[in-house]
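Following are the structures in question.
What follows is a pair of complexes built around chain A, which joins chain B in one and chain C in the other.
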Partner chain A sequence: MIKLFSMKNQKKDGSDVAKQGTQKRASAAQLRITKDINELTLPKTCDTEFPDPDDLLNFKLVICPDEGFYRGGRFVFSFKVGPNYPHEPPKVKCETMVYHPNIDLEGNVCLNILREDWKPVLTINSIVYGLQYLFLEPNPEDPLNKEAAEVLQNNRRLFEQNVVKSMKGGYIGNVYFDRCLK
Partner chain B sequence: MKVKIKSWTGVATWRWVANDDSCGICRMPFDGCCSDCRLPGDDCPLVWGQCSHCFHIHCIMKWLQSQQLHQQCPMCRQEWKFKE
Partner chain C sequence: MVASSGGHHQWKLAVGTVVIITVVIISGKKSMMDWGERWSEVRKLLERPGPFTHPDFEPSPDTLKMLQENMRVLVIGAGGLGCELLKDLALMGFRNLHVIDMDTIDLSNLNRQFLFRKKDIGRSKAEVAAEFINRRIQGCQVVPYYSKIQDYDDDFYRSFHLVVSGLDSIVARRWINGMLLSLLCYEDGMLDQSSVIPLVDGGTEGFKGISGVTYRLTQGVVKRIIPAVASTNAVIAAACATEVFKLATSACTPMNNYCVFNDSDGIYTYTYEQEKKEDCVACSQVPQELLVQLTEKLQDVISRLKDSLQYQMKSPGLQAMIDGRTKSLYLHSPASIEERLRPNLKKTIEELGLRDGMEIAVADVTSPTTVLFKVKIQT
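Our next item is the complex of A and B:
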């Protein structure tokens, strides 16, 4: 039965190809990211920005935490979705310089689902929640910024002060952080 | 009354019996095909793992081939074994 339908569809195909001649067929990654973006349910602290509205593969996520150490800050992440999505995770970088145990000064982010624990049933939404969680619960066990992780582990008060200082714009040690308050 | 059938046209529909509507990998409906295929049905069949999760065969094969160490179900991370 199924074969019958397949044959019927195949016959129809000729006309479909002609119709599609002018517009290129969207890639698997594009189809999937379109669904991800349509189904995005962002927490109220997060927002997306599409510099090119026709390009869903490259966009930005802005997180403005409303609680925790980073309350009042504004952090921008860039997402680059490759042609192998969802078999490979998007490349996510933090464009705002931030004093954080799991984000280094080049903007590399240490989040398990962006690397070893990625699986293709995860969505952009999963990453958004993962990133938001990093600001609520910075994790000193698995640091990219070892200095910040040490301070968080040994002296939470000092860590809190350093975060506030860095978000206002200023030096922590000999590293200058730009102001990133909302 | 006597009825004589002069002609008839058979119509049938089909659908996959899966425990979900769409493939978790490509997010396309199971009754459609994966994003790399054009025709649903035998050309783009579904496969089940022993964990009972189900995917388009092309989607799960592409994922398993990209995994060097462990062949795990992308849903539940249990070892992937095809259900006979």
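Our next item is the complex of A and C:
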């Protein structure tokens, strides 16, 4: 039984209670991310950057594909792990402007496990592999960048040329892409 | 009751409950704050012994005073259940009520969320509900919070004696459960009872016409897809309010600890004990003691975690909590972070700023979850 009755006078108002509280404890999200990061096994095309090594909730992932359309490019993703992790996926944005059917020009990423297919058993590692896969196999179905998806579907050769052109820095249609070659 | 076993402190009343409840009925004519007989029914429960009172219970007029003056109760959600809960609790004598809801009032709420009127559409549910109760029930002070539960930290939640929720989201439920569990304090592996804040959780959904309703389905229900029923809300809220009253006063042993009520086809109700899962990720985080010396180097502590028969860890990563901030002591991967933290291995416990009672989270492949340790300095 909870001894509420006997402790009825301990918490007369919120102010003194707040002080009697013990030190802050690590949140469930922090405990989980510590495990995810400690067990991260990155493929050789990926690397992480932690601006503050004490803060494992905010970091960047750099992917440099060594095959496929995007070979030779360098793409930076920002990860923000929220307080509901792992019940909610981290917020992942692509900071490099990229000509890609599943990444729009604001950096939003369309990857199923970052949205409807996220499960708490998935880890940061799963997302890293998912993102890497996006560069190997861009998916023209259900696109975020419809124009890029259309080109990929109708003219693979042109799509390949557009990707190379965008990575070197240049216009595709009327959108300018910054150079992002390694 | 499960809460005393150190966690799993959730009562859940899903899809309904029948509870015999003494509701104080107030005649509408009188509106003086405390006319003679206003609390006579509640007094009968609190000032007389009875066969169902908790062993800790002592009949006393002080209990009503404590309920009215000291007890701080947080109601999460001001929707279908929240409106009922606020009304029930306020009429029971709770005066120090707080309500939090991030939503605004919609036309479709008005049939069952009876604290709202057409003119209130578009306003904050928490604010309108608080205004209504404060106007209607004299002496009651409801404090509204028009925000998400995640906007507040542990200091806020620690200030309440009891939390009762009527939420429509699984994520929010888990969040508040995790928050209240994180407030538990342990002394030498024993739970400090005064750190327990019970959570009474209610939920309702209308399932009429849907066949094959399973527990799994009830867990995945999304807001507004399945309409809630006003009468079910009333029953569930009454059951929850009764549990709050029992927990606050010990006037009766609380329900142990889960009840289902179904009124879609006749009435069916079932109460049973949901048992604590030993390796529950949410509630089995009892920190273990880690004996260290101030002059000991971090690498020695790590070797101990690897070599000890008890832990036999492979490549532990350690993160400490120092003055409310996380500090990475050592992580095995990825390479970029390992390189930066490597110098810590040669530092002593003292140099790293670790002191008695601080908590260290240790992650290792040998355990499905991060293990919490409490630093104990050996002298």
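The rule is simple: the second predicted complex is superposed on the first by the 159 of 182 C-alpha atoms of A that agree within 3 Å, B and C clash if a C-alpha of one lies under 4 Å from a C-alpha of the other, contacts with A are read in each partner's own complex, and residues count from 1 in each chain.
Here is the rule we go by: contacts are C-beta pairs under 8 Å (C-beta built on N, C-alpha and C of every residue); 3 or more make two chains touch, one makes a residue touch a chain.
Small disclaimer: the values here were computed from a predicted structure and weren't measured.
Of the two partners chain B and chain C, more residues of chain A are touched by C. Once the two complexes are laid over each other on the shared chain, residue contacts for A:Leu181 go to neither chain B nor chain C.
Of the two partner chains placed by the overlay, chain B and chain C both lie in contact with A:Leu31. By the touch criterion defined above, A:Asp55 reaches chain C but does not reach chain B. In the superposed pair of complexes, A:Val121 makes contact with chain B only, with no contact to chain C. Of the two partner chains, both chain B and chain C are touched by A:His87. Once the two complexes are overlaid on the shared chain, A:Leu158 sits clear of chain B and of chain C alike.
Shared-chain residue A:Thr41: touches chain C; no touch with chain B. When the two complexes are laid over each other on chain A, chain A has residues 1-3, 5-6, 9-10, 13, 27-28, 31-32, 35, 87-88 in contact with both chain B and chain C. Considering their complex, residues 1, 3-4, 54-57, 63, 66, 70-72, 150, 154-156, 158-162, 171, 174-175, 178, 182-183, 185, 193-194, 196, 198, 247-250, 253-254, 281-282, 285, 315-317, 319, 321, 323-328, 331-337, 340-341, 357-359, 361, 363-365, 369-370, 372 of chain C touch chain A. Of all the residues in chain B, the ones that touch chain A in their complex are 12, 14, 24-28, 34-36, 38-39, 41-43, 59, 62-63, 66, 72, 74-75, 77. Put simply, chain A touches chain B in their complex at residues 1-3, 5-6, 9-10, 13, 27-28, 31-32, 35-36, 86-88, 119-121. Only residues 1-15, 17-18, 21-28, 30-32, 34-35, 37-42, 47-50, 53-56, 83-84, 87-88 of chain A touch chain C when the two sit together in their complex.
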